[in-house]
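Here chain A shows up in two complexes: once beside chain B, once beside chain C.
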Partner chain A sequence: MSIMQYNGGSVIAMVGKDCVAIASDLRLGNQSLGISSNFEKIFAMTERTYVGLPGLATDVTTLHEQLRYRLNMYTIKEERTMEPETFIHLVSSTLYEKRWGPYFIEPVLAGMQKTPSGAFRPFVASTDLIGCINFAKDFVVAGTASEKLFGVAEGLWEPDLEPEDLFETISQTLLNAVDRDAYSGWGAVVHVITKDKVVKRTLKGRMD
Partner chain B sequence: METIDISRLKSGEVNLGTSIMAVQFRDGVVVGADSRTTTGSYIANRVTDKLTHVHDRIYCCRSGSAADTQAIADYVHYYLQLYTQTHGERPPVHTAASVFERFCYENKDALSAGIIVAGWDKEAGPSVYNIPLGGGLFRQPWAIGGSGSTYVYGYCDATYRDGWGRDETVEFVKNTLALAMSRDGSSGGVIRMCVITEDSVERLFVPGNELPKFWEGKEVLGMPLTKKDGNEPVPMAVEP
Partner chain C sequence: MPDGSYERPQQRQFNPYSENGGTILAIAGADFSVIAGDTRQSEGYSIQTRYAPKVFRLTERAVLAVNGFAADGNMFVKKVKQRLEWYRHAHAKDMPLRAIARLIQTMLYAQRFFPYYVYNILGGIEEDGTPSHVSHTALVRAHARAHAHARALTHSASALGTGAVYSFDPVGSYEREACRAAGAAQSLVQPFLDNQIYFKNQTPAPGTNHPTHLPLPDVLSIVIDSFTSATERHIEVGDGLEIYVVLAKGRSTQELASIGGLQELSTRAEGDRMFVIRRDLKKD
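Let's look at the complex of A and B:
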């Protein structure tokens, strides 16, 4: 079995109108045995930047701590908050450093990017396990259910969804995609990020 | 001694990674199964029927390779029809189980099939036969099988009692399968059961949202140590 499938788990991020959403399942397994239904894979890196880390669970923890360390060093030196577009480049370089012995993670990022005029624009991006960045305009997916997520998202997503509608769309996308994947599921969590608040909701899903 | 390779499924082959069981009670047997069929991690069918009729009062539960078990069950079904015509009477469950066992044992190197045979006949009354991977034949008062069964041996050992009636047995099967489906990634979907007695075969269906619920891990352990959400980044004391 592939090392990327060992623990299971999936993440998706979507762009809306002046908002972004990022969602993941909560499963941690040991191959087919489910161990935890409480394993969060989405982390708040700054107030407006959230990163999802699906893949090998030990690397989820390690990579999160690595990124947190590097982000803190940046914040101390630059005396300002890192923007999401910069952060995805930080993720990329951190992963490429391990090119010949990579972290088994495919990070997904969602955030609100500050524009020169002072406003915020929605931003999503993802990378592969060795740091190739994908700047998407609509949505990004990763994890054991990634192919199913692509399929449902392609069908349900439309541009300029308001936060409440984006929540419904991303929730349905995630729930129905993970229900076709044996290694994702066991609960789900959705973060909807706007310029002034982040709402975190837990979804009721199938527990099989 | 050579070890048998359990992971015998060819790449792309469809797997009935499964939870199946059969339990004997006073007047008959209850057979039950989940409904998930997987190809790797993709759930190819989430509403599969793994309870296969091989004769009027004899059903089998299939686990392992979907193709292998379907092929074997088809042959046994044919054989038992022939038996009925030539002998002029219903085949005993033991006969059906023996045909399965002959197939599974003689072709053990090529097959990946774990089958539970259960039913009612007038000689023995209700009976349950377990035929695991090597092709051995084991008559048991209750039998569990499939990848999900490993997680519920303890529950079954602790819960099973002799002398139950129909309703208690159905509850037992439903609870066991719900637990296995919850823990095993290769099991899930809905619960299908058949209650086989002398007079009838009654099919039962429990949809996913009506499955019995057990502890789902949202309790004390794993919660943040303080009331504050551990995720919030602490702001640095910097000039704006």
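Let's look at the complex of A and C:
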């Protein structure tokens, strides 16, 4: 039985019109035994950069703390906030450092990237467990329900969704995908990020 | 050798099975059924052929889609067709759909200890007098929600024959359902169908209900979108799509009038009608 499936859990991030959304389930299990319906996997790294960490739960915590440490050192030295595109490269190098004994996590990132003109561009990316970056234009998925997420997202996503519509689309994608996966579910959370604010909503879903 | 293979004894054995990829899907409507499959046949990273049909006509009103190991699939269809022919000679009529489903179960279970590595989906029109299938969970939801959806469904007056879909595992366990996807992209397509056909995780607008059966053009759009989505994200799906549409006797064919490249398979205009729609899928 794969280590990536030991605790369960899934994350998805999607691009919209001047916004991004990132969502995850809340389950933490010990194989088939569900332990927590409260296990958050999405972390705010900066005001406009959110990272989702599905995979082995102990590594979720450790990697989050590692990334927070490296990000803080950058912020102190550079006296500025790290942009999401830079952050995904930080994630990549942190993971590749452990090439021959990796963290069992497949990170998913969503953020608003500052452009030279001062405007913001929606940005999503993900990596595999050893740091290969996927710069997607539409959506990124990871976790035990990743195949299901691919299927529903490919069917429901379209470009230039407004924040309210993006919320509905990512929510339906997540809920219907995790309902077909025994190791994901037990609650769900969605963050919708625009240049001004971040709205976090908890979804009502099946608790079986 | 670095891989340690010289350190321990090894046993080699002929593997009788192989996986040929592809995906199939069937959806039952009030008075029609839709059964579809892509046409790509692969083995590993190679494409064996871009056109190998996986969906076959059994009778005037029954269609069987087979997926998994193509050699077993093709042989199984041949054997089912043979049994249907014997039934016709013995009983001077076609086998009803629910009987074909039961026959498929017994044929599959007969090979319980060396199975046909095939996932079957049988679709078509059930004989008159059987109620339209509504899953138990759908009934519970219908009672729980008092809202009625603005999109009220009006289907043709014909009460003769209802759409039916039966899905099987390789050893014959089967169940009647409103919709089912099987094959390489099952995990991609089935949750999409749960959302679009069963309206899972959706609440109807206040004062309305979700339709129990969707109209044919909607179903066809969902089928095509399912396959284009699966083709995008799964390497074993692509090349072409074949959709069989079976309409109950007396049901209008008006909705199919606008569809290009439609081929009629039925021979009589007064009986159940069957059509095939072919579409291209991405070849990469």
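Everything that follows uses one rule, which is that the second predicted complex is superposed on the first by the 208 of 208 C-alpha atoms of A that agree within 3 Å, B and C clash if a C-alpha of one lies under 4 Å from a C-alpha of the other, contacts with A are read in each partner's own complex, and residues count from 1 in each chain.
To be clear about the criterion, a contact is a pair of C-beta atoms (placed from the backbone, for glycine too) under 8 Å apart; a residue touches a chain by one contact, two chains touch by 3 or more.
Keep in mind it's a predicted model, so treat the numbers as computed, not measured.
Visitor: Contacts for A:G151 in the overlay, against chain B (first) and chain C (second): which applies, first, second, both or neither?
Guide: second
Visitor: If we overlay the two complexes on their shared chain A, which of chain B and chain C does A:L175 touch? Say first, second, both or neither.
Guide: After superposing on A, A:L175 lies in contact with chain C but is clear of chain B.
Visitor: Output check: A:D160 vs chain B and chain C. Expected answer is one of first, second, both, neither. What do you get?
Guide: neither
Visitor: More residues of chain A are touched by which partner: chain B or chain C?
Guide: Of chain B and chain C, the partner in contact with more residues of chain A is B.
Visitor: Is A:E65 touching the first partner chain B, the second partner chain C, both, or neither of them?
Guide: In the superposed model, A:E65 contacts neither chain B nor chain C.
Visitor: Return first, second, both or neither, reflecting whether A:Q5 touches chain B, chain C, both chains, or no partner chain.
Guide: The first partner, chain B, only.
Visitor: Looking at A:G205 after the superposition, I want to know if it touches chain B, chain C, both of them or none. Which is it: first, second, both, neither?
Guide: In the superposed model, A:G205 contacts chain C only, not chain B.
Visitor: In the superposed arrangement, what residues of chain A touch both chain B and chain C?
Guide: In chain A, positions 148, 179-180 sit in both the chain B and chain C interfaces.
Visitor: Across the complex, what residues on chain B touch chain A?
Guide: Within the complex, chain B touches chain A at residues 17, 34, 36, 38, 41-43, 46, 147, 151, 181-189, 208, 211, 213, 216-218, 222, 231-233, 236, 238-239.
Visitor: Quick check: in the complex, which residue numbers of chain A touch chain C?
Guide: For this pair, the touching residues of chain A are 147-148, 150-152, 154-156, 171-172, 175-177, 179-180, 205.
Visitor: Can you check the complex and tell me which residues of chain C touch chain A?
Guide: 185, 187-192, 194-196, 200-202, 225-226, 229-230, 232-233
Visitor: So in the complex, which bits of chain A are touching chain B?
Guide: 5, 8, 29, 31-34, 36-38, 40, 43-47, 72, 75-76, 79-80, 144, 148, 179-183, 187, 206-208
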